[in-house]
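I've put the structures underneath this note.
Look for subunit A in each of the two complexes below; its partner is subunit B in the first and subunit C in the second.
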Partner chain A sequence: MMIAFLSNNEMVPLIEALAKRLEVIAPVLSGGQPVFATWNGQELALDAENPLSSPLEFLLPSREALFRYVQLSGRYTFEEPSLPARLILGIRPCDLFAVEVLDRIMTEEPCDQAYLGRRRSTVLVALNCTRPGSECTCAQMGSGPGCVAGYDLALTPLGDGYLVESGSPAGVLILREHPQFFREASNEEIARKEALLAASREQMIMVRPDLSLQSMQEAISAADWERLGDLCLRCGGCSFICPTCHCFNVLDLGVPDGERIRCADSCILSGFSRMTSGANPRATQGERLANWYRDKFVYMPEKIGLPGCVGCGRCHRVCLARFDRRKLEALP
Partner chain B sequence: MSEYIPMQAEIEDIDRVTSDTYLISLHILEGKGLSYRPGQFIMVSVFGLGECPISIASSPTRDTLQICIRRAGRITSGIMDSRIGDVLGVRGPCGNGFPLERMGRDILIAGGGSGFATLRSLVNYIVDRRRSFGDVTVIYGARTSQDLYFMQEYKGWQMAGLSVGITVDVGDDSWTGNVGMVTSLLDRLEVSVGSAAICGPPVMINSVANTLLTMGFSNSDIYISLERHMKCGLGKCGHCNIGPHHVCQDGPVFSYDRVRSLLESL
Partner chain C sequence: MEKIHTTCVYCGCGCGLFLHVEGDRVVGASPSPGHPLSRGRLCIKGWLAGEFVGHPDRLRYPLIKRGDRRVRATWDEALSLVRDRFLKVKEAYGPDAIAVLTSAKGTNEENFMLMKLARAVLKTNNVDHVARLCHAPTVAGLSYAIGSGAMTNPIESLLESEAIMVVGSNTTEQHPMVAATILEAQSRGAELLVFDPRRTQIAAQADIHLTPAPGTDVAWINGLLNVIIEEELIDEVFIRGRTQGFELVKEAASCYTPEVVESITGIPPHLLRAAALSYGAAEAASIVYAMGITQHTAGTDNVQALANLALATGNLGREGTGIYPLRGHQNVQGACDMGALPDLLPGYQKVSDPRKIETFEEAWSVDLPRAPGLTAVEILEAAEEGSIKAIYISGENPLMSYPDRDSVYKALKALDLLVVADIFPTETTRLAHVVLPVASFAEKDGTFTSTERRIQLISKAVSPPGEALSELDVIFDLMKRLGAPYRSLSPAEVMEEIASLNPHYGGIRYRRLGIDGLQWPCPDEDHPGTGILHREAFPIGRARFRPVFQKELHESPDEDYPFLLITGRTLYHFHSGSMTRRTSLLDREVPGPVVDVNPDDAGRLRIRSRQRVVIESRRGRLEVEARIDPGLMPGILYLPFHFSEAPANALTARALDPASRIPAFKISAVSMRRA
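Then we have the complex of A and B:
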């Protein structure tokens, strides 16, 4: 592992250099809100709250072409989309953990090549969280506030600059190829990183001391799902915004030539599991909501050995229903 | 190459099964064709309309790949409105199929409605490998006699030594056979206790399975083919889950004890 220091005023020159050979995705301000977008000189939003739409969008887009079909005298030829070489800058530990969750699901046999293709052509530069958001619970869910694996480079903001740690050969290469922007990190800076992350962790635990994977599992078994289902507005917002939600629909656009695309779908919506006969194995909103929670907190730990909730807090930020998403109880 | 890119299959023949159901024979244009087992399904597509899961209705012991399509909506209509020589997309085979190696020699096959398509694969497999099997009974029920699938094949099955019972829910003047539930056939036919394969509407599955249990079948020897909404057939899209399991990968065939414990655990 290489540990370096990048001062604040070297950040933009570094990104400019990287953007010469890669599409750099970074949090930038758009209409006053931070969003992940292709960087082409916009103001960076690295110290803003983690954007509401997660950078997983660039690994499993909410809409992507699986292939193009072209008809010629009744027969078809198929073209796969070409994938851009990308670097995601500023992916938070929670979202990085979600990448690991998706890796396990999508690349398990039979491997989803469309996902794997994007994943392989994307460099991940993580940004550790020294100032958690008000809904953040990565400390309780075990995904943050500092990332421990899965990154090519990990940045920790130290005030005057960033501690930069390499986590892969691709990360080392970036440090080696751009020596002009980095200097060696001091022991004091390394110690400062640990202290900042420990404080960040403590702050989250202090706000919600009783929350854990186990407390969620208990709440799930005790919940009155039909009551919660009645309170749910059925918008699907929680699932469309969740970084580990990966369910999709497949459809064709265009005749005789066109694209077979996949687009985000949600088990919260009633048509998701409805069958041809009209019968629906999850007939009530309560059953659908229960399935969403069980998938994250019960089924995924069982199937892939990781919780499907990374504690990013996004579902809490978007949900307008009058129930407590952590206690799974109606709000007074 | 992406596993979403289908093979191309030319429609070789289209046969009318009922007024809203056709039997379609396919010839796969690439590679060595499909190697599959009874109970598996394929993802069939009409380019421009989309893709949906369809059971394989033919037996792997025969050359032609066949599917039996019932008009349900856009894609199924698109498949049925195609002509001989047209090209469909085919992916698969998907799913597990019936575990023939564990099913023994004496087999009861029970179908209800359009669920009989997947069982035809199993019946014809047994007919073609007759000496590997013992007492085999086929019972099948549809709403009316006009809705019965594969009528011209029953004779051949009987000639191969299978015992075949057919019933309809609603009789009419043209029908001289049984009227009533599929389960009523179980009293009339001599059924050897062994293993069973069932596909049909949930109510029918449960009543047949429960009758079989009272006859001495073990619930781990009763195999059910389940239907779920499916989009990918690869265990990725999430549409077909029952708890932690994906019916498209872990199923569609489950033993009855497993289905019960899956559904009860929810």
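Then we have the complex of A and C:
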């Protein structure tokens, strides 16, 4: 592992250098709010809260064309889109953890080639969280506030600059190729990182001291799901925003030529589990909601050994019914 | 990838969202956390709002009718044909043989320019839009009562209400962000009273749910007022200081004792009293209503009855009080504000007022027609009779959304020229002589005005498909071809013209809007916009009470047609479905039409769930699958109007409210039998 220090005023020159070879995705402002988008020289929003839409959409887009089909002289030909090489700058530990969750799910045999293609061509530069958001629970879920694996480079903001740690050969390469932007990190700076992250963790745990994977499992088995289903406004937001949600639907659009599209699906919708006969094994909104929670906190830990909740708090931020973890715990 | 901040295209809530754009294609949508109302939330339609934009069915080229087919044409051919036929019709039959139906899905700028095309270039006041089918009684009724037909308070003001009355609104499905606000207010302690013959989701959450028989609203609203008066819960200071005409209303209300109300509406007296006490005793109480109030032959009376109630209790002009008509389209408020109405100029200035019309004549250097034009449904009636010969329709699908489909078909078929500008082929474009492909909300700049009077920007995220153009550019081109001396303007420049002619929009400039937008009235550039209306005074001075009485329905269930059919919408589809039926998850969620039937009625007619049934009215018949719904009163059927497979408006009547000319979509006598 290499450790270095990047001062604030070297950040933009570094990105400019990286953007010559890769499409750099970074938090920038749109409508005054942080979003992950292609960096074209805009002001960076690394200090802002984690954008509402997670950068996982660059690995598993909410809508992508898998291939284009074209009919020529009665025969179909297929064109696959080319994937851009990308670098995601500023992915937070929670979202990085979600990448690990998706890696386990999507690369299990049979491997999802579309996911793998994007995953392989993406460099991940993580940003550790020294200032957690009010809905953040990564400390309780074990995914943050500092990342421990899965990154190519990890940045920790120290005020005047960033402590930079490499986590993969790709990360080392970036440090080696651009030595002019980095200097050696001091032991004090390394210690400061640990102290900042410990304080950040402390802060989250103080807000919700009793929250844990186990406490959520207990709340899920105790909850009155039919009552919660009556309150749910069926927007599907929790499933569309969750960085570990990965269910999709496939449709062919266009005749005779067109595209095979895959787009995000949602188990919050009744059509997700409804059969052709009209019968639905998850017939009520309560059952569907319970399934979503169980998937995150029970099924995924059982199946892949990792929680399906990374503690990013987004499902709460987008919930139209303001139905949230706290309400879930409060209800008998 | 870029993320472009814009405003949702579906209902009147006006939520903020980002369109995710990659390589000139919309690949997703996500909520805007900084938006003043939606604050990072969206409903299911909003989450999926980007999907239809790139659908292969989009209209890409102008089409011209050749025989029974519509063939590809150039813009020049299409617009020359429109010009020639307009001029021919105008010469042969006069300008009032032409009509323009603007679009509540279009921007303010497009609506304003289409209105100008109709009045200043074609010289007719026959300009209207779909507000005629939803909130015409609100514009008429609230303008009379309190001087303004718009929502009196911002939506978030509901959070300060102690009692919220929701009338004829399936809020969680049709205005989800308003429903979220109401339910949040309830969780903070507000009492929720819902009046609806159906047990909707919000009705199920209500503290009191009352199920009046459809079409009996004046009776129970007067009944509430009667109890409030008897319990001395009226606000005498407010009535004395700010209103006129209370005595007559008091007298009218006194006829509607709880027992009389029960005999008309079926509402048990104790529940009526409980609701009256809840609304009447609250320090701040609000009334939220939608199509269940307006789409009746007594629509304007219904609105006045609600206004009487709010005025008598002093529930206007303060935080947590107010009247909240929920507008269905994202820009139906704006289309009204822009004067896309046959009797009103921009800013609700009367066509019949010589001083107002002279202002416009001076600004546009033309003589303008002074007699009010025909309303939307009347335009189609006139087309059927032959006195309207040419119609320009922007983004409307009357064959699906107007009452009495057979007559609509005959009317459109009888025209010398039907021009339809739209984003997808619809039932109506299939009858058009000229089809103009135009940009969707994701492909142009402009503004929408939400139901809470918030003027908000939309931003071009991607290019329109094929040769499709922004409709604003099409209108300018057509104006030039028709010899008008107006130069093409950008949307921001059009807004400056709007600001100069509509006093409510006087201070609106694009650079001021940001993501918060501005709420009109905003009379000048330094004005911060207005949240709560009528704080100190009403625009008409004193608010007007008007006594209203329960009237006979135009049609009641009888031996031949024993059921009463209510039409409406569902959460997952929007209007005639041209966008939502092309959004895969929405279409899968509700793939086709179903009629809701009460279990007792179903049992009696031996109808099981998913059984196909025939429904027939005096206007038409259709076949549709039945669904048993225990939340529906006996004798009532509910059918959404989204689906061409079973077009609900084949059954509805053209019975109009005399004051506002809205058709009574909510009341049709029908029969039902197994198919």
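Just so it is clear, the second predicted complex is superposed on the first by the 323 of 332 C-alpha atoms of A that agree within 3 Å, B and C clash if a C-alpha of one lies under 4 Å from a C-alpha of the other, contacts with A are read in each partner's own complex, and residues count from 1 in each chain.
Quick note on the criterion: a residue touches a chain if its C-beta (ideal position, glycine included) is under 8 Å from a C-beta of that chain, and two chains touch if they have at least 3 such contacts.
Note that the structure is a prediction, hence the values are computed from the model and not measured.
For the composite obtained by superposing both complexes on subunit A, the positions of subunit B and subunit C are free of clash and fit together.
With chain A used for the fit, subunit A forms the apex of an angle whose arms reach the C-alpha centres of subunit B and subunit C; rounded to a multiple of 10, it measures 80°. Of the two partner chains placed around the shared chain by superposition, subunit B and subunit C are both touched by A:249. Looking at the shared chain after the overlay, A:32 reaches subunit C, while subunit B stays out of its contact range. By the touch criterion stated above, A:265 is placed in contact with subunit B and with subunit C alike. For the three-chain overlay built from the shared chain A, the minimum Cα spacing from subunit B to subunit C equals 10 Å. Once both structures are placed on chain A, subunit A residues 249, 251, 254, 258, 265 are touched by subunit B and, in the other complex, by subunit C. Within the complex formed with subunit B, the residues of subunit A that make contact are 66-67, 69, 71, 74-76, 78, 80, 105-106, 108, 110-114, 246-252, 254-256, 258, 260, 262, 265, 267, 272-277, 279, 281, 287, 290-291, 294-295, 298-299, 302-303.
Residues 1-5, 16, 18, 20, 22, 27-28, 30-34, 40-44, 46-47, 50-51, 55-56, 172, 176-177, 179-180, 183-184, 187, 201, 204-205, 514-515, 571, 584-585, 588-589, 591, 610 of subunit C are the ones that touch subunit A when the two sit in their complex.
Against subunit A, the residues of subunit B that register as touching in their complex are 1-5, 8, 29, 45, 47-51, 72-73, 85-87, 89, 201-202, 227-229, 231-232, 234-244, 266. On the side of subunit A, the complex with subunit C involves touching residues 25, 30-33, 35-38, 52-53, 57-58, 61-64, 230-231, 233-237, 240-241, 249, 251, 253-254, 258, 263-266, 269-271, 278, 317-322.
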